[in-house]
Amino acid sequence: MALDKVQIAQRIAKELQDGFYVNLGIGIPTLVANYIPEGIDVVLQSENGLLGMGPFPYEGEEDADLINAGKQTITTLPGSAIFDSAMSFGMIRAGKVHLTVLGAMEVADNGDIANWKIPKKLVKGMGGAMDLVASAKNIIVAMQHTNPKGESKLLSNCTLPLTGVGCVKKVVTDLGVFDINEHGFYCIEIAPGVTADEIKAKTAGRLVIADDVKKMVV
Amino acid sequence: MALDKVQIAQRIAKELQDGFYVNLGIGIPTLVANYIPEGIDVVLQSENGLLGMGPFPYEGEEDADLINAGKQTITTLPGSAIFDSAMSFGMIRAGKVHLTVLGAMEVADNGDIANWKIPKKLVKGMGGAMDLVASAKNIIVAMQHTNPKGESKLLSNCTLPLTGVGCVKKVVTDLGVFDINEHGFYCIEIAPGVTADEIKAKTAGRLVIADDVKKMVV
Amino acid sequence: MGLNKVVKNAEEAIHDIKSGVTIMLGGFGLCGIPENCINALAATDLNGLTCISNNAGVDNFGLGLLLKKHQIKKMIASYVGENAEFERQLLSGEMEVELIPQGTLATRCLAAGYGMPAIFTPAGYGTECAEGKEVREFNGKQYLMEYAFDADYAIVKAWKGDTQGNLIFKDTARNFNPLMAMAGKITIAEVEELVPVGELDPNFIHTPGIYVHRIFQGTNYEKRIEQRTVRKRN
Amino acid sequence: MGLNKVVKNAEEAIHDIKSGVTIMLGGFGLCGIPENCINALAATDLNGLTCISNNAGVDNFGLGLLLKKHQIKKMIASYVGENAEFERQLLSGEMEVELIPQGTLATRCLAAGYGMPAIFTPAGYGTECAEGKEVREFNGKQYLMEYAFDADYAIVKAWKGDTQGNLIFKDTARNFNPLMAMAGKITIAEVEELVPVGELDPNFIHTPGIYVHRIFQGTNYEKRIEQRTVRKRN
């Protein structure tokens, strides 16, 4: 059985290391915060200008002046720091954020990513996505393996306008975990109940199933 | 009688306008702070990271953490702000400081200034001088008209290594006040007891005595 | 005297703004936007404005109010969802929009405030955002050269400010506000609380008054929340 | 755990520094210098260091201690007066010095901390400082392109800091400290007072802990004053 969104987030949470500063995008990436492993301390960065993002506020305690990059009301944790948007993207560009997790419409087998614009549809804008993908040392994409039409989102070349080039290091989908390296999509884990053949059938880009591919522990 | 240092500072103080942010260099420029005209509010910037510099502290109230760019102990005034060196030079480069007053070894009739280095003598460094002269909207030089050997410091071309090019707008010396414009040194005021001939004799650069040149009021 | 930057209200603060100028406006979404000045601008007949702001408000609040009255000729922003009227004007060609990466937007403000004519950022390299831009390699990585903004006015919202224009911001309502405050030829700050000089600790000023030309205490802040998200108490 | 950046003292903080590396050190004159770490460095046999600091201390204090022991191979600074031993080593060719404008020094730190590979400044254009540097015109004005610093370590002194490395600075002891804190591959902060997380107001952090790798509470701060200047009471 393919993974659901929560399971994708849970799998990505295993990539967190003690002491990491992490930026989580909107959607599945946001869920990662709920599954930080026991014994691991991480700090969440919100690119509108906050390190040390805490959980959503209790009802009645929302503060209009305290939101995350998704414009949701949030809280701060002890040790948090507030800064302006230039410093926020400054620390991102300088590689101080260890890990960025974000969603995508398409990923290419060379690490290109497209997640901001669909031609002929309304463009809302790239927000901070182009800065994040161009700068982060380590980028994991969380997404469904195929689009609603059943077409692969793991491609040889992105068909949509790019957000960044050659930047994605790892993709976690409902079907498996894929490093992006000289092999293209290098499958290192397969979701429970999913077969290598299914992954092959649903992956349009270059794909190699690792010899020592593991069944994902959920 | 030529002006003394205090009189040079007093004359420069008349250039201050209400609401000006001003950076005063070491030496005669520092004295300008003592002669701010009645009814005029100015804010002194110290390029090590302070707006709103106040007078020296009372004996026993010195604070090692509160110094000016000359490394002297100082105080802050109500309304002061502290910032890092990048913001300090940022506001200087952005032209937010209305007036910079500094000393010089030589000034050329095109506005070039030399005030940081004498070849074959020990070089201490330019500190913030190159940033200030390259960026300030309005630069007044306060200096003696001649060097200890009696040679003019107002030249056609600086002989010493430059601090900045074409940047000085006005020079106030012990002998007079000189705008720097298409005429070169354009003498608009002559110190009491000084003659136009003396100024001509002691000025090596292009010099024009203004038709409406005034006797300086001291 | 000259250092007292206080004006009476938003109307006085914006009195000399002319049609066709470029205005930066602080805020991220609806968080930390200069509500009073936006309302005052919406009450004028100004038009042909170029607005630089991370977002474009919502249909009936924030910059959405200026959009509705067709006062904005061009919008420079990083994200402009949440606004149906915006969409309509964009598709109909009534308004021009330039979308730029959020970090580029922030850093072009910083560059203006720090007197740096251009900066380099990797954001947008290899994408359509790079079209027409100079690309330069440093240490094996490709960067775009982006220019400092050149805005006639910056309008920001602060938490507290003093009469000399020193500002402090609260929580993530800081966002672009201190950057834009530095970047305007004329900077207008509206504050929730205007205090006498000397009341703010000089060590904790976010925007030194040298960058601020006009300041006033705003009124009736609505502080609308775009995405109210809460958790239940156990 | 991973976010606890606390080390015991200066010796532990600098334990892995090797000869020949590049170290930035905060401070302006003797104001806000990391006294504990400088003393600890002077007690080692490290040499061949490249030091980036606005000044070079005085003969028997601050970086002067490292100079005296010939630990510094190259000094990058804006002003190096007040130091006879420095002068001697410079004239004898034992040490190399690169003098750069103070604003350039500050902005090259900022560039490193903000991931900007180069910046433009007019400072030094047309002077010998411009030799070998790329000149570029923007809006009719000439600028030099200057590169971000690339320092192995940054050592800074803060007023207070928490165990996650968040820092605040006091008065003009701030100077280059927050800039260098952002610019080091490894950043060491010594603080006058180390406090638990949660004690510093998030709105008034000067250096967010993400930039700081090691922190300790220093001891026996001398805080020498270079130019004690006072006025008499009336």
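To keep things simple, chains are lettered A, B, C and D as they appear, and every chain counts its residues starting from 1.
Criterion: contacts are C-beta pairs under 8 Å (C-beta built on N, C-alpha and C of every residue); 3 or more make two chains touch, one makes a residue touch a chain.
Model, not experiment: these values are computed from the prediction.
Q: Suppose you hop from chain A to any chain it touches, then on again the same way; how many hops at least until you reach chain C?
A: When the steps are counted carefully, the minimum from chain A to chain C is 1.
Q: Among the chains, which is located farthest from chain D on the basis of C-alpha centroids?
A: In terms of C-alpha centroids, the chain at the greatest distance from chain D is A.
Q: In whole angstrom, how far does the Cα centroid of chain B sit from the Cα centroid of chain D?
A: 29
Q: As a quick test, compute the distance in whole Å between the mean CA positions of chain B and chain C.
A: Each chain reduced to its C-alpha mean, chain B and chain C end up 36 Å apart.
Q: Averaged over CA atoms, how far is the centre of chain A from the centre of chain B? Could you give it in whole Å?
A: The answer is 56 Å.
Q: If you look at chain A, which of its residues touch at least two other chains?
A: 50, 76, 82-83, 86, 89-90, 92-93, 135, in rising order.
Q: Residues of chain D that contact two or more other chains, please.
A: Expected reply: 107, 114-116, 121, 170-171, 174, 202-203.
Q: Does the chain-touch network form a line, ring, star, complete graph or other?
A: Topology of touching chains reads as other, fitting no named class.
Q: What chain-chain pairs meet the touch criterion?
A: The set of touching chain pairs is A-C, A-D, B-C, B-D, C-D.
Q: Help me check something: in the complex, which residues belonging to chain C touch chain D?
A: Residues 107, 114-121, 138-139, 141, 143, 147, 168-171, 174, 202-204 of chain C touch chain D in their complex.
Q: Could you pull out which chain B residues touch chain D in their complex?
A: Interface residues on the chain B side: 46-50, 55-68, 70-74, 76, 82-86, 88-90, 92-93, 112, 122-131, 134-135, 161-166.
Q: Across the complex, what residues on chain D touch chain B?
A: 28-32, 54, 77-81, 87, 90-91, 99, 101-107, 109-110, 121-129, 159, 170-179, 206, 223-233
Q: Would you pull the chain D residues touching chain A in the complex into a rising list?
A: Answer in residue numbers: 1-3, 112-116, 162-164, 166, 182, 196-198, 202-203, 205, 208-211.
Q: Which of the residues in chain A end up touching chain D in this complex?
A: Touch list, chain A to chain D: 17-21, 39-43, 45, 50-52, 76, 78-83, 86-87, 89-97, 135.
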